[in-house]
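Take a look at this one; I'll ask things after.
We call the chains A, B, C and D, going by the order they appear; numbering starts again at 1 in every chain.
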Amino acid sequence: MFDKFREECGVFGIYNHPEAANLSYLGLHALQHRGQESAGIVTSDEVQMRTHLGMGLVQEIFDEDTLETLPGIHAIGHVRYSTTGASHLKNAQPFFAETAHGPIAFAHNGNLKNAAEVRHRLEEYGSIFQTTMDTEVFAHLYARSHKEKLVDRLIDALRKVQGAYSLVCLVEKRLLAARDPFGFRPLVLGRVRDAWVVTSETCALDLIEGEYVRDVEPGEVIMISSKGLESFRPFAKVEPRQCIFEHIYFARPDSVVFGRSVYSVRQEFGRQLAREHGVPADVVVPVPDSGIVAALGYSEESGVPFAMGLIRNHYVGRTFIEPEQSIRHFGVKLKLNAVRGVLEGKRVVVVDDSIVRGTTSRKIVAMLRDAGAAEVHVRISSPPTCFPCYFGIDTPTRAELIAANQQVAEIAQFLTADSLGYISHQGLEKATDYGPYVYCDACFTGNYPIGGRDTAEGVQLGLF
Amino acid sequence: MFDKFREECGVFGIYNHPEAANLSYLGLHALQHRGQESAGIVTSDEVQMRTHLGMGLVQEIFDEDTLETLPGIHAIGHVRYSTTGASHLKNAQPFFAETAHGPIAFAHNGNLKNAAEVRHRLEEYGSIFQTTMDTEVFAHLYARSHKEKLVDRLIDALRKVQGAYSLVCLVEKRLLAARDPFGFRPLVLGRVRDAWVVTSETCALDLIEGEYVRDVEPGEVIMISSKGLESFRPFAKVEPRQCIFEHIYFARPDSVVFGRSVYSVRQEFGRQLAREHGVPADVVVPVPDSGIVAALGYSEESGVPFAMGLIRNHYVGRTFIEPEQSIRHFGVKLKLNAVRGVLEGKRVVVVDDSIVRGTTSRKIVAMLRDAGAAEVHVRISSPPTCFPCYFGIDTPTRAELIAANQQVAEIAQFLTADSLGYISHQGLEKATDYGPYVYCDACFTGNYPIGGRDTAEGVQLGLF
Amino acid sequence: MFDKFREECGVFGIYNHPEAANLSYLGLHALQHRGQESAGIVTSDEVQMRTHLGMGLVQEIFDEDTLETLPGIHAIGHVRYSTTGASHLKNAQPFFAETAHGPIAFAHNGNLKNAAEVRHRLEEYGSIFQTTMDTEVFAHLYARSHKEKLVDRLIDALRKVQGAYSLVCLVEKRLLAARDPFGFRPLVLGRVRDAWVVTSETCALDLIEGEYVRDVEPGEVIMISSKGLESFRPFAKVEPRQCIFEHIYFARPDSVVFGRSVYSVRQEFGRQLAREHGVPADVVVPVPDSGIVAALGYSEESGVPFAMGLIRNHYVGRTFIEPEQSIRHFGVKLKLNAVRGVLEGKRVVVVDDSIVRGTTSRKIVAMLRDAGAAEVHVRISSPPTCFPCYFGIDTPTRAELIAANQQVAEIAQFLTADSLGYISHQGLEKATDYGPYVYCDACFTGNYPIGGRDTAEGVQLGLF
Amino acid sequence: MFDKFREECGVFGIYNHPEAANLSYLGLHALQHRGQESAGIVTSDEVQMRTHLGMGLVQEIFDEDTLETLPGIHAIGHVRYSTTGASHLKNAQPFFAETAHGPIAFAHNGNLKNAAEVRHRLEEYGSIFQTTMDTEVFAHLYARSHKEKLVDRLIDALRKVQGAYSLVCLVEKRLLAARDPFGFRPLVLGRVRDAWVVTSETCALDLIEGEYVRDVEPGEVIMISSKGLESFRPFAKVEPRQCIFEHIYFARPDSVVFGRSVYSVRQEFGRQLAREHGVPADVVVPVPDSGIVAALGYSEESGVPFAMGLIRNHYVGRTFIEPEQSIRHFGVKLKLNAVRGVLEGKRVVVVDDSIVRGTTSRKIVAMLRDAGAAEVHVRISSPPTCFPCYFGIDTPTRAELIAANQQVAEIAQFLTADSLGYISHQGLEKATDYGPYVYCDACFTGNYPIGGRDTAEGVQLGLF
């Protein structure tokens, strides 16, 4: 309903815990912001693997009865994002397959650049596909590998794909995890008592009282078995390109992502924004919830008081029927209401994390004015988003991205804002302290680490 | 899941609008915070009345198909709160009845003090009861009235009950509304183009682009018909006793309640709290969402920076299965997570609106300490809640109310807080600027406007 | 889907059995043919009464979990028939009411002739109605009675109504049953070990291994308590008028109804039909399932071989979408298919129990011809149905009853049958051996025991 | 709930009809007796293929809305049988796959003898399996074929499997059908106006007003395209071995199967049974519904009158809760009730189609005696079933088959019958007029056309 980039998934894996399914379900609940369309868990009791998948929120899909159908001490789970279109149970993950090497399940966050090409080749060799998910590609490549060792078969498969993947895999007695060489999507390693956990964000560890150990590193493959954890580095080392949007919007502020507190980074974005785009004002108002932390940073740096001038209704679901007597800003109004007492007669700075199409921002500006704001200054804690993402984020086409087609001044005019300021690219670098970590910022710069989806230079697939 | 007093309902009525059902449904969505257990709408096309009731959230109960079964230009709707126990479709409202005077529907926010007694008398006279709701009492009393005029029959019924009611009623061609003489629960009057609206909070008007006209006044009965709005004052005037907890916790901060902005009042509570219970600290953290505005006030007054040190997971529903390997603060942790980056090594002031049993607050203090807080000072933007409410709020018994049984110092010890401060009673008065409006504060003082439920002095029921 | 008169309900009551709910549920399953729209059970453990109602078949509404919510040693249950229109959960029975005399539940098979009038009077006296069922009238009348004894209050209520009722009622510690003075609808008394059972048909006793004791007699009121069974005869004795259609179509052939085996009576109808309307033929084919037993009788008497020339598909539910490329006899074809091997070149006698509108019969004749029948002779094991029923059966208006508007020869022509024969009225009398039992045959004769619904002569309602 | 062999599926395909999905759904409804667990339809509009699968009955899975999601002029459909155990949506058919040759869907009735072996080989070559159905094997073999022509790829796949299959396949613009060389399961070809139909039984043609053209012959492969119907004979000719149990029990009596009227064959079984096992008796009673036609034959031949001494309750679903106060013959009693008026004091011949474990028959004998039968003679219209089926029928193991372990006299004793007679093998041959058609009767003789599942002699799989 909001005009945002969308995270495409969260993953969770746990090895050696008597309540593997239940902790997975709690972990997925903590990752629910990363995907609300479907969820699933696969468990293993070292003899048999079992699956439960469903459409909806984690708590709608799993209850005491379904969790009881999932015995076992190892498990992986997945939450998937919500789109309006092709949302089918078939595309729920983890993806489970019977292979000559035994059963295996995959849970994947990311997008493969060469998925269509690999898929085409696999079909030529006789594979049949059941889903439209990139994840199924891993399963076929794994099934076709002739390597003797489990981990080598997975590495074999990974060598044939290009793109973004933070992956957890479960076989009867082992848990595997892998992160692509650029490390686009996050993946962390933790412990809960004697169990190992691999998951997208640390907030999942917090809920189950787990301890953060370290990030799974870009290009690292991990195998956890009765012999403990083994780490592999099968790929040539490249400069990591971790997704800056995790810090801007996707990750929960209580998570530590890419080694840094999301809250602190986001707050620093706000401060930097104030330094770059200060304006005389009476109140700083966030677009809740995602804009709150940056707005606090802006308020601190600028000294302009912070207020919750927009109140969010958290009961909003998928669809509402708009009256024929059309309501202005209908979609936004279902979620947000402006507080006249806070806004009336005030010069308002409204802070949001990003502008995609601009339609929502325009409605918010109008709502603030309707509630009496004397001036509305829009401040965005990311640079203009001008390019689509091919590495795990659901973004519109360039044609739909307002910043790809209009100058800042034009956008300000479209929003009917008194002024508009985006954080600068340099400001972003400074605020995140670029250095040992280099981020992927292709959505701002078009500087894609492995080229756009249309310009793939091909991968060695001769091994089939 | 949280340890809170609970609002018991929200009401909405609309007269003379071509999309009466759809606007009711949107209005109920805006009032969803007042009740999540069940909801319902009754419409009239001036010939026939139609009902749709269901369990769950407004958006789960109503969709395009169900709204199409509710044609008509007048409607009333209701949302009901969620309890764990006796939650049945039978107790969903509006309550519809066929009477000798024709069909009528009632939507009621409040609680009658003498419901059991009146019900007993009605049964003696041969009435049969279908529900356990006080609301049904109004229907029986109305049906038994021999008055000739519609409004007189309603007044006849109201005269026989004591307690809290903000009521909307629909007959085929008229909409009625009534507020008890003390005006315990809110009720406002508004307009949408040519239509009249009567509803619990102004946020329902905002969503449908309605205009606030005035409060339905304590003791006022309103009838809206083709002749327009008529106002009646059938009761002896008493000092109003409007529920202070609407300002403390129940109402949405974007509403104007009892003539005052909830946001502004709540912010002033925070400021007053800082004046009364200032303490050297590094950060002010709200318990989200209800503590945010007061925490902002506290921060402003004290100069201690505000931060979102607790992050709320909004995907939480009714039940989660706790692992046998028990998780500390499980129930709270499903909803809240502490942000270590904000809290570590800091002296923390945590602001909440109230403490009921103290169990949740105790867990929150522990979570803050686990995340590294050096000191935890709890500040509450209401006085100690020592008495149950009999006027429309779901409260535990005195035995369960921690403040009814322990001194502040003991409570602080129970919470393991470094200090605990409640806003004083005088501070509350000052912050709300007591005067033309007098609030009911019986939950703090035990000063019940019409005595406890057990000490009813009886009402004239001789008219049957 | 078929063109039949429809039974309007089945009732079941059990007193003093440790598994009262479970036996009720089995009993209702055995009575499922009497109503498929909704079902319900009310139980009492002598302290509390509990209700579960639902839409659909007994086995869809009740499972282990719902039965566990119905503890108690006494119970009553009800199945209700299926119509297309106003089918609401609200109209499911038993009807439960809280009264000054305590809680009571009613399950009713029948129709009251003066329901509207009594209801009107009750509303004038201040009663409010929740349903459109006649059953609710009993509850109000009972609640308003000032008699001291339970059974007298029930009798008080019964005295104020006219029409058909086979009724079971449950209060906390007693089970009551009543049958109207004419005894329109069946009601039998049985035992299961130490428990008493009152139910519509003996097939319900068979399933639970109960023993048939006797019929509850027309005009009898029964009360079962810890003191045992007491019988009351509060009404002036009249000639009984038991519904002949129970023998023709409604009751299951394995039941004993009004003291006679339904199977034997139905078979005798077939024999009599053969005597009255013999015709040279090669095969006798029933319209399954209801025509089977009469067709067997016809075959025996006539010597013409019996064959299942029409096969029934028992998986048919409510709705099917007909192709635009319209299929001939679509509705009937979903349920029945003709067997060419049986019919080809044969002179066919097809036996059915009744013709209502004639539409289905016409399609069946066409289906038989399409499958090669050389001649089709329709034989009906009841006289022409010319009048609607007001005593518990759902019948169309006179205008829709083909026999009310056309002569037999015209109907034969409409059906495109080579001949058509109805059993004569005298034949029916002879076959059922009229005598100590006198049947209501108003649907054939228009001879209504208490006049049509429109000509009620009024009842003493002055007692209110 | 009954002790029967179970049919494992029904298939339906239609080519070139504007309402392909709707006719498929009606066809599947007519085939519902062949499978009640799940159903599905795949359609093609020559550009896109679409699938809808679900658990339950055809009418529960498909309604107007779901049929609207299935546009197209070609379609195939499938109904699957109901077992208590591994019944998953995943195993619903048709099975749809994306291949290098484009999308294809398979609907299959039968069982492959070498499925496990082929599957194993496919997995070794890198295929991954999603279901436990034999059907998926066809899809993988097809996908791996390098033949250029569609039909050759299908034939390529069929060459690698052994066992029973009546198969329909849909690609975007063509419909294929195939029947294994032995022709175990039925498959017929028909027309509806300009459309071709391929389906399991002629009753599906009857419902949609289709015309029977001929059987798809054993070993025949058919391709229907814009060029019309082409027939292929890729296999060496063998003597057909069509399943005799289709005539005994599975097929609907109104179908023509293997070129003969099921009704007529079944009636002849009854006559033959009377010739072989006549006994002085007063009444012949069928076990409904499957025993009715044979019982009629028995009655005709023997002159003993036929009666419906057992009445079936057609509302029975999957599960019922038995009371702790156990009811004798509970499972059977839910479905059947004995008619005392028919049975009392009589010498009864009860006719059923088969005895599997004997438990149900034993209960039926007891029920008949409880209802007063003086003697009970059991007559079975098939020979003793001593061997399990590997060609598409769900049968228990030999250990559970009573006739595999006990002599007829012992079985009679177990049933507590006065006598027991099975039709002889020669009688069966005579009644079916063995000749141009040779049946598979391995369940009586153990004479498996291609050996038991455990003794497969291997197939040429070297082509992969």
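To be clear about the criterion, a contact is a pair of C-beta atoms (placed from the backbone, for glycine too) under 8 Å apart; a residue touches a chain by one contact, two chains touch by 3 or more.
Since the model is a prediction, treat every value here as computed from it, not as a measurement.
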Determine the set of chains touching subunit B that also touch subunit C.
-> none
Chain whose Cα centroid lies at the greatest distance from that of subunit B | D
Whole-Å separation of chain centres (CA-atom averages), subunit A against subunit D = 50
Distance between the centres, which are taken as Cα means, of subunit D and subunit C, whole angstrom = 37
Go ahead and note the Å separation of the Cα centroids belonging to subunit A and subunit C.
-> 62
Parts of subunit A lying in touch with subunit D, wherever the complex brings them together = 89, 96-100, 120, 123-130, 139-140, 143-145
Complex contacts: residues of subunit D adjacent to subunit C | 17-19, 22-23, 25-26, 29-30, 32-33, 36, 57-60, 63-64, 67, 193, 203, 206-209, 252-254, 256, 261, 263-264, 289, 292-293, 296, 300, 305-308, 311, 313-321, 323-325, 327-328, 333-334, 337-342
